[in-house]
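Look for subunit A in each of the two complexes below; its partner is subunit B in the first and subunit C in the second.
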Partner chain A sequence: MTIAADTSILARRENTSGRLSDFFWRNPKILLLLMLTPPLLWLGVIYLGSLFALLLQSFFSIDDFSGLINYEFTLATYRQLLIPSNFDIILRTVVMAVLVTLASAVIAFPIAYYAARYARGKWKVIFYLGVMLPLWSSYLVKVYAWKLILAKEGIVTWALAKLNLLWVLDAWLSLPVVGGTSLSISYTGTFIVFIYVWMPFMILPIQAALERVPGNLIEASADLGGHPAQTFRYVLFPLALPGIIAGSIFTFSLTLGDYIIPQIIGSSRLFIGQAVYAQQGTAGNIPLAAAFTVVPIVIMGLYLWMAKRQGAFDAL
Partner chain B sequence: MTAVLFQQVSRHFGAVRAVDSVDLAIAEGEFFAMLGPSGSGKTTCLRLMAGFEQPTSGHIEIFGETAEGVPPYRRNVNTVFQDYALFPHLSILENVAYGLMVKGVAKAERLKAAEEALAMVKLPGYGTRRPGQLSGGQRQRVALARALVNRPRVLLLDEPLGALDLKLREQMQEELKSLQKSLGITFVFVTHDQGEALSMADRIAVFNDGKIQQLGTPEEVYKRPKTRFVADFVGSSNVLPPDFVAGLGFSKGYASLRPEAITLGESGPGRKHFTGRVVAASFLGAANRVTVEAAGARVAAMVPASLAVPAEGETVTFSFLADDLHQMDGAQ
Partner chain C sequence: MRSDRNNAAPLGLKIAAGAGLAFLHLPILLIFLYAFTTEEKSYQFPPPGYTLQWFAVTWNRPDVWAAMGLSVRVAAISTAIALVLGTLCAAAVSQTKFFGRETISLLVILPIALPGIITGIALRSAFSFAEIPFSFWTIVLGHATFCVVVVYNNAVARFRRVSGSLIEASMDLGADGFQTFRYIILPNIGTALLAGGMLAFALSFDEVIVTTFTAGQQSTLPIWMLEELVRPRQRPVTNVVAMVVVLLTFLPILGAYYLTRDGDQVAGGGK
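The block that comes next holds the complex of A and B.
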């Protein structure tokens, strides 16, 4: 009868871990607090704090003679952004980011659509590996690999020469702005490598969004007389839009801030990231570097605000 | 005129014969039900009519025109989907007007037509809401309005009442039936609920394993099931084994006998009777369902609630009119 006596209906736990889990079961909010406090402190103090410090720096100015920072509130540094040489940097970066984002979305959509709608089992695994694999190797290695691929002695030139299509490349490179002496020292090269490096960040959110679109909505549209193009325009695209926006946030902001790709591949003209690097390093102009950094933040804020106003998140 | 015609239509998915050599002809203005368990091929038949599937072999005609190779968006046929498939990012009015919008009907005109369609399904003024804000029954009505606003020649309904609770389902059954009568549109209705099929349809096709087991009016299918499967699936008929049937003086073979055709006690000319031991009795409101074991067969009978219920283990005699016993083909 001892067994029956021991197994009471409301079993008691006497050890510490048992009492602790009972306590958390009764007070779930305390558990939540304990779990969230460290990451929130990290985010709030270290991350947001430094961002705020940066913002503050951008309202200071640098003394041209002594090179020391003048801790008085001024908008002079922001005015500096508008002088042509600096404004060109901003314009160049924003145009590049817009083009990279648009091209990434156009290339990523069919891939994501295939993965979400058709790939099953083995093919889904192959898709994920194919998309993720480039993320596993060093970013620098990939960029240098692209430098060789796009160089005058590289495989692209070689392959086009073998196909007797070198004139196409030469014609393209002779164009103003997008051209250059070779692909690896032209904006075209920078554009290609940006697309390559950010592609997974565009494919995965679109794929996730498409995966949540029930197949019968596509059928319902066709059933009601919607041609494939109309189904895309009125059903598929609006429902995938949150994913496209999410992907474009990645490609757009990453392109706005990157300073390695344009340094290795492209003409020697600066992008925002390089300008920040140069201002805070060699030039020692922290306020101007900070002001440059604020530009992508403001642009992203505007972009999200516009996307929200356009109803991009209505389908969430 | 024939609205939908299937000639030897098959749809195979790999080794699975979802639809296997089906022949059927649905008349214009008919309320046609396709009844069967899941995986019996009824939904695939509906999808073949809508154009979501193409037949592996065979020939399909819709109002005399060849349907093979015609995409869904070129068919004047609309579907009410099982889980409604309303567009979540559009308002109810935009959902209903969708079919007219893609056909290029002017905005004012299509919104007016959509309002009228919503009024027809008793949801006037719901246009500004989103599908997520509606209950299951309301979404069902919106799906119906969205299909009907296009004035289809054939309306396909894929288990449209499956997700509704009993009371709502009965109400919608009546509404669908009267809507079909007033509009005169051909309705093709897929269901696994035999009661629904029997009460609503002009004719029923009973499906099993990709084949039509029986095609006929509800009364035919119910009273004279052709196969054991139909007898089992439609209603709650007794399927009597060959020996039992032979013992009563009929030719040897499976036969069906409806529980309500059996009465307690033996009496009258033209009647057959058998004796058995009561193994179960359950109260169903208007009647008691009494199951007896007789000569190796289990037979259920409906005993009116006004009569005393025989106790379990008691031996009772049942009788029925010889005409009510329906002998079936083969041993299917």
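The block that comes next holds the complex of A and C.
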């Protein structure tokens, strides 16, 4: 090969850019290295570097008296995660993330199914933009919209009053756990806003999975006597599952790490994100904050591993 | 040969899909209504009256303009950095096979796959460890990190469709590598880069979680809004700003859609 390269048909290029170009053509590895160095420096050094530095700090502890960080390897900070008040935070966040993911799947499925199987031409575009616009529009504006909606003097109370259904709202709010003095300071409110903000991330992967289901498969199921519910249970749902899992990666991860929604719409009980924010900010306990961030990382690691085994990444 | 395309959707499915889309859009429309309300002290519905005065009030607010200006500058620089890094990465990953290729894809996606608060606190503790004071550039550093993935995704999808024989033909006809890049590759991936850049801009313009950790005392538009959300002081001004932000973010999304729609039709058209 080297001989062929040295006695190439074309004359060598004389100008600098030509010579450089020939050099890269003969040494693709060097070109690859040049292309990869800037992004790898940025992501590998700045991003991963800070990430590892943070994780390292979770193995340090904080001195209770001086408030200074004690740079000795210890698992004491992780033990603190298990004390009831901290463990409650983790449990609460995970339960919320699971519920939000399930509810998002239920709401997203009909939209995705309609868009994949029935929407054609103009309607296809309407459905696509109808999902993309809310998905990409401002996160804070979406949260703000729900502050307006769920406020005591807002549209929900107004609509229920018009329908003479205010007693339903009052009964719901008087329930333990999910209730509160108003919707905007209850778990119910937090739950609704989480669904609203993260559900669009569920639609597109489910739609992508459903696009690949041939329509005659559904018909075959019907022809063989399958009731629509059975068709859904045994044909449609298993085929859509990789899409649902792919979408749930987003809803689950985003809910786990969010600290703004529960702060603005919710009771005063903390979620993981808020705990991290409070520990690194006012409390100045970086090791505990770092240990708290390890929880979503580990959960997401397990989740991604499981999703990969289910083939969810093909649906992304 | 499929006959199913003429089937009408079951009524239940139509209602569920329509209700789902309505659930996604009505809250945003409500923001538009509130921008015109005369009520200052609460979120009363229905609004007691309608007025245009808050647009004038917002227009004359220097703090809103300053926050907006900072957000636009941060988004522009972050997008530029993300375009360079994302395109380089996409070109390397899609044009050649090498050891650790999968790892690089994972590395690019990681900043957006992990919750934003982790990126934020990691950068913040790194800044304080290295004694870097908060500045315009610390915000850009955070934003560019998670904007890379958007450009990368768009560029990788397009690179896959640029046929290798085009590049070989260009080389065979005597073009050097730079000419091939300039006249063959760039026109082919241009719209994908523009679309990726627009989405990256929208992402950066809207980002709040990482920014709260890397901004210090500076106020981008989302941080300004967050403060209003936590402690509402000027509700009417916030309403107007929220509406303007919705309209502003619609533009890059629609633009990105029109630039990449042909590709989407091929990939997911259900042919």
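Rule of thumb we're sticking to: the second predicted complex is superposed on the first by the 255 of 316 C-alpha atoms of A that agree within 3 Å, B and C clash if a C-alpha of one lies under 4 Å from a C-alpha of the other, contacts with A are read in each partner's own complex, and residues count from 1 in each chain.
Just so it is clear, a contact is a pair of C-beta atoms (placed from the backbone, for glycine too) under 8 Å apart; a residue touches a chain by one contact, two chains touch by 3 or more.
If you're wondering where the values come from, they're calculated on a predicted model, not measured in any experiment.
Once chain A of one complex is fitted onto chain A of the other, the partner contacts of A:T282 are absent, as it touches neither subunit B nor subunit C. Looking at the shared chain after the overlay, A:G273 reaches subunit C, while subunit B stays out of its contact range. Contacts of A:L256 after superposition on the shared chain: subunit C is touched, whereas subunit B is not.
When the two complexes are superposed, the chain touching more residues of subunit A, out of subunit B and subunit C, is C. In the superposition on chain A, contact is made by A:Y234 with subunit B only, not with subunit C. Contact with neither subunit B nor subunit C is seen for A:N164 once the two complexes are overlaid on the shared chain. When both complexes are overlaid on chain A, the residue A:L32 reaches subunit C alone and has no touch with subunit B.
In the superposed pair of complexes, A:P214 makes contact with subunit B and with subunit C alike. In the superposition on chain A, A:D223 makes contact with subunit B only, not with subunit C. The intersection of subunit A residues touching subunit B with those touching subunit C, taken from the two complexes, comprises 214, 216, 219, 228.
Partner subunit A is touched in their complex by these residues of subunit C: 2-5, 7-10, 13-14, 16-17, 20-21, 23-25, 27-28, 30-31, 34, 42-46, 81, 84-86, 88-89, 91-92, 96, 98, 104, 107-108, 110-111, 113-119, 121-126, 129, 141, 144-145, 148, 171, 174, 176-179, 199, 202-203, 206, 208-209, 222, 225-226, 229-230, 238, 242, 245-246, 249-250, 253-254, 257, 261, 264, 268, 270.
Against subunit B, in their complex, subunit A makes its touches with residues 214, 216-217, 219-228, 230, 234-235, 238-239, 314-315.
Across the interface of their complex, subunit C is touched by residues 10, 13, 17-18, 20-22, 24-25, 28, 32, 35-36, 38-40, 42-44, 46-51, 53-54, 57, 107-108, 110-111, 113-118, 120, 125, 127-134, 136-149, 151, 153-155, 157-158, 196, 199-200, 207-208, 211, 214-216, 218-219, 228, 249, 253-254, 256-260, 263-264, 273, 276-277, 280, 286, 289-290, 293, 296-297, 300, 304 of subunit A. Subunit B makes touch with subunit A in their complex at residues 50-52, 71-73, 77-79, 81-83, 85-89, 98-99, 101-103, 146-147, 150.
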